[in-house]
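Taking it in order: structure first as structure tokens, then the write-up.
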Amino acid sequence: MSAFLGNLGSPPLLFFFLGVMAVVVRSDLEIPAQVAKALSLYLLFAIGFKGGVALSESTIDGSVLMTLLAAMALSAAIPVYTFFVMRKKLPTADAAAIAATYGSVSAVTFVTAAGYLDIQDIAWSGYLVAAMALMESPAIIVGILLYNHFGKQGNAASSLFSWKQLINESLFNGSVFLILGSMLIGWITGSDGMSQVEPLVKGLFLGLLCLFLLDMGIVAARRFRDSRHAATESAAGQPLKLMLVAALSMPLINAMIGLSVAWLLGLSEGDALLFVVLVASGSYIAVPAAMRLALPEANPGNYLTMSLAITFPFNLLIGIPVYHAMIRWLL
Amino acid sequence: MKTCKRIEIVIETPLARRLATRLRELGAPGFTLIPEVRGAGDRGERRADELSGDSSNCLILIACDDQATVDRILDAVRPLLSSSGGVCLVSDALWLRH
Amino acid sequence: MKTCKRIEIVIETPLARRLATRLRELGAPGFTLIPEVRGAGDRGERRADELSGDSSNCLILIACDDQATVDRILDAVRPLLSSSGGVCLVSDALWLRH
Amino acid sequence: MKTCKRIEIVIETPLARRLATRLRELGAPGFTLIPEVRGAGDRGERRADELSGDSSNCLILIACDDQATVDRILDAVRPLLSSSGGVCLVSDALWLRH
Amino acid sequence: MSAFLGNLGSPPLLFFFLGVMAVVVRSDLEIPAQVAKALSLYLLFAIGFKGGVALSESTIDGSVLMTLLAAMALSAAIPVYTFFVMRKKLPTADAAAIAATYGSVSAVTFVTAAGYLDIQDIAWSGYLVAAMALMESPAIIVGILLYNHFGKQGNAASSLFSWKQLINESLFNGSVFLILGSMLIGWITGSDGMSQVEPLVKGLFLGLLCLFLLDMGIVAARRFRDSRHAATESAAGQPLKLMLVAALSMPLINAMIGLSVAWLLGLSEGDALLFVVLVASGSYIAVPAAMRLALPEANPGNYLTMSLAITFPFNLLIGIPVYHAMIRWLL
Amino acid sequence: MSAFLGNLGSPPLLFFFLGVMAVVVRSDLEIPAQVAKALSLYLLFAIGFKGGVALSESTIDGSVLMTLLAAMALSAAIPVYTFFVMRKKLPTADAAAIAATYGSVSAVTFVTAAGYLDIQDIAWSGYLVAAMALMESPAIIVGILLYNHFGKQGNAASSLFSWKQLINESLFNGSVFLILGSMLIGWITGSDGMSQVEPLVKGLFLGLLCLFLLDMGIVAARRFRDSRHAATESAAGQPLKLMLVAALSMPLINAMIGLSVAWLLGLSEGDALLFVVLVASGSYIAVPAAMRLALPEANPGNYLTMSLAITFPFNLLIGIPVYHAMIRWLL
């Protein structure tokens, strides 16, 4: 419980709240778009580099490979069950997009969880950064395969869309590429490299995370407001409720799955938390961008709102400390 | 000065990037792309504030003096607009020859 | 393809934001806004370099196929231009229907 | 509403800056400049990613109701386009008087 | 006197000069707009956070509340006298806009004064950051009230302008919101929070202030040049002279008022300087933005040029050390 | 040889490779344009300030002035021989632009070399920063003079181009101005000033250099790819080969010249390396911008591709350690 309050009371989380409040009181506070983009690149660079250096100081054994494999397998498996559940209520394209979204991961949730562990001086292993990077693509590919198999063929944008291109994009997507690349460089240069970039990579990490989460709070709250408006206007109100239920239950269900696997793998406290957070989070950067191209008929008002405006804050504020408490209780 | 068609397309950033690379194949003599444009239409607001850039629009401007090419471009744009939204306007202009 | 009016408004950023929210009430089917545009006119230069953003302009583009709506938009824009400056151009275009 | 010419020039950033300062001398009543525009044409791609900004374009929009001034502007633009590339379009528009 | 030279010789001030020089020699040096915006958000975040942490370590007593009240009262009172003086020479709208401008504050002047104190190891209290945030809105509201009462009614932009909206905007204006929010978070998380973000909030403060003031130098010098051109073109020359006189005498007069109040309140050396700087400075961000909406017939070539291109550099270069010398002499 | 590997294995260089790889695998990784611009301003600011502080701690004697003079003389002389060689194969305008390009310097190569020395704890003198700033303009002016003398007169853009303006621009070009200004301020404020801005100027230097070189890798690789496409399309293939030969031999030849002069001047190990790097590098910011205005008929596909996409990576990856090895062997 103190961990729970500890998380809520840490500057990064409070800045997320502040961003939400800015939208609520209709303040015109705004982080310039290019700066927000740069902050997100910084976080990927820093976490990747840190992970790589940590990796260079440990041994990569069978259990590491098992964990990476398990991460990829989960990111391919989760979309399958998600798709069939969602399809009962939603059009095939939307179901596939949501499936891909939740199979993939949220880098910022991961980064925040890593910061949460750092603040509490709990160790975590660098290879989990690799796990994060490896979980982006399988979900995208499975999501599209599902749609192509169960949905009607011949979507209109197909003229602009080729499988080869899409696989390339999901493998070498900017975020995935930067994080893997930084990890590799951290791994090659080790602690010598770290000593050169430490003030940037470690010193500024939590401070810049505050500013980034401030922006995320603004963006998430705006999107939530938009979708509420849309729900009210369409007189139904039903979709928002459905979205809320799905976007709150999916992280919990997936966290349970992740927790079981982490337990089977015998991960340490810190590693288990990061693993669970990866499984429980949903993408709102790489996957939505891929979905706009491959499944343009899927409505981002569904999948993006769910992952960005509901699941992301939920994991950030409640998920991380709750998953942590469960891990402590279990281990 | 030569008469030409001035084609103006507003479309989401991820699609605009692809469209731009296709324009050459369709025979467009060139194009100009204004990135990070905001807007609102049938599909709600696009604020150009999302991190993936997928909720911002681009405005693509094409001057084209060959009607067959114009038609080819419009045929390529039409299905994009139907599935992903956006706007395409065509007007007459004079192209300064140099 | 449908004929329509292409309305183009250059106006200061703080006013453009307000105008954008009003456009919907006036019945505009949509609009596109290009932010951080520079310029010069009767009221001197706007360099888009000030921290409040109050010296940058926006360019708003509206395609509208209903003459009554066009008139309503122009009536709303006219007093803004008189008191705060800016430019509004109207031309004919064809709107690609999809 | 007054008839006018709507001149639209796409040109590299370093030249656009100079052109903008010259426009006033040529009698243009004003202009609007959209910076950091990308494009492709006869001289290959301009990606607006280079640090000097010399590979980005600007789009300059000029509304002008005086034909003599229009001609003077076009005469000044023509040699620029020949030596450095770019595009200049002229069309008709109505200028909302306020 | 050594303090005076000390201020002029500190890197932040010298970078302001450098920016001015860049305009004088017509260099194309320019800080990208979004980066300049980000620097200004950083300064508000850092000073807010620092102030909040300082607040959490001190006790809030009656004298603190008195100071905050005095600050707000001055920010409402100064526009009144300013308005009636200005109205003798200028149109009502311009007089009202100038009044609001000088009732409000310049965050960067405040931040520079805080840096000036830090460099000299003079303590200041966190609650003055709150005073700064509280002084933005009253001035805007009083300025518009004055105009509505004494000016002709029915301004053309009224269709886009509603009182409710405007009050909301001046209360929850981005800068005000960020500074109050950061202060609140600093206050909640205290020194624990500070230890997490210290390298960003404290370490980089003066360095980034240098870069920001470089940009301010460029912007201020350009505006000064523009207004000189305008003055020459309009053949009069009178307005520029008037502007110069007003924009140099107002900070001095207001500094005297602030000094008296600070003395009455019994503020310490550092606090008194910050208080005086608040009263003596004029806004060039929040107020001008509000004036463009509420009083579009007021010419920003007057009020913005005065506060940004004359009063701001004056306070930065001469005001701060002079006010400091006076406080030292008085206390 | 270990120095060679040491350079290749340092984080900044590896991030340059990573940027190149991003283009090779067609990743959409991209540093926002304004942020990349800000990073380049930061590097100029930091290296300038550091150089100025170093200068304030040393004495400026005759040998310093000799070195500065030699640097300027080389930046004026190199374009002359380059022009006559290039003119045999290329149009006059292109030859002049390439001449100016290689007479001038690459600030980032210099900055990387300085970082390379810092990492290895080899001392270098602050006045070399001044040498860098002084080498930009002479090359531009000589290049244009050569063209005006040997090329056909009356270029079409002349209406927008005046000698006076151009000289002003090359003297007060943004980068030159910022670096000289920061150096001056560093020199004035000395170690007191440094203590205020140290975390920004020194702490973050290598980390931000990594991010900047990541961007440079992307930009350079894109340009190389474009020019290869252009070469293939034009069926010739010849120009690319010519460009490759010229852009690889020029830094080597100029490095030999620089090395001889450094040896004559009796420079220390660190200073000699920086001097050689200045002479061997080619501009891709200031000069290309000036050439677009003064010599619009010169094709940036030639001079910019050569300096940015070939010479720059060559110097970064191979040049610096090779020149260093030669200096070690010679001294």
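Just so it is clear, A, B, C, D, E and F label the chains in written order, and each chain counts residues from 1 on its own.
Methods note: contacts are C-beta pairs under 8 Å (C-beta built on N, C-alpha and C of every residue); 3 or more make two chains touch, one makes a residue touch a chain.
From a predicted model like this one, the values you see are computed outputs, not experimental measurements.
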Third chains touching both chain E and chain C: none
Fewest hops from chain D to chain E - one hop per pair of touching chains: 2
Label of the chain whose CA centroid is most distant from the centroid of chain A: D
Far-end chain from chain C, centres as C-alpha averages: F
Distance from chain E to chain B - Cα centre to Cα centre, in angstrom: 44
Rounded Å distance, chain C centre to chain D centre (Cα mean): 19
Inter-chain centre distance, chain A versus chain B - centres from mean C-alpha coordinates, in Å: 32
Shared-contact residues (touching 2 or more other chains) in chain B: 34, 36, 48, 79, 82, 91
Contacts with 2+ other chains: residues of chain F: 30, 33-35, 37, 199, 203-204
All touching chain pairs, where touch follows the definition stated at the start: A-B, A-E, A-F, B-C, B-D, C-D, C-E, D-F, E-F
Residues on chain C engaged by chain E in the complex (per definition of touch): 12, 14-15, 18-19, 22, 36, 44-45, 47-56, 76, 79-80, 82-84
Interfacial residue positions of chain B with respect to chain C in the complex: 8, 10, 34, 36-42, 48, 57, 59, 74, 77-79, 81-82, 87-91
Chain F-facing residues of chain A, complex: 33-35, 37-38, 41-42, 45, 49, 168-169, 171-174, 177-178, 181-182, 184-185, 188-189, 193, 196-201, 203-204
Chain C-facing residues of chain E, complex: 30, 33, 36-37, 40, 155-157, 159-161, 218-219, 222, 226, 230, 284-286, 288-289, 292-293, 296-297, 300-301
In the complex with chain A, residue positions of chain F that touch it: 9-11, 14-15, 18, 21-22, 25-35, 119, 199, 203-204, 206-208, 210-211
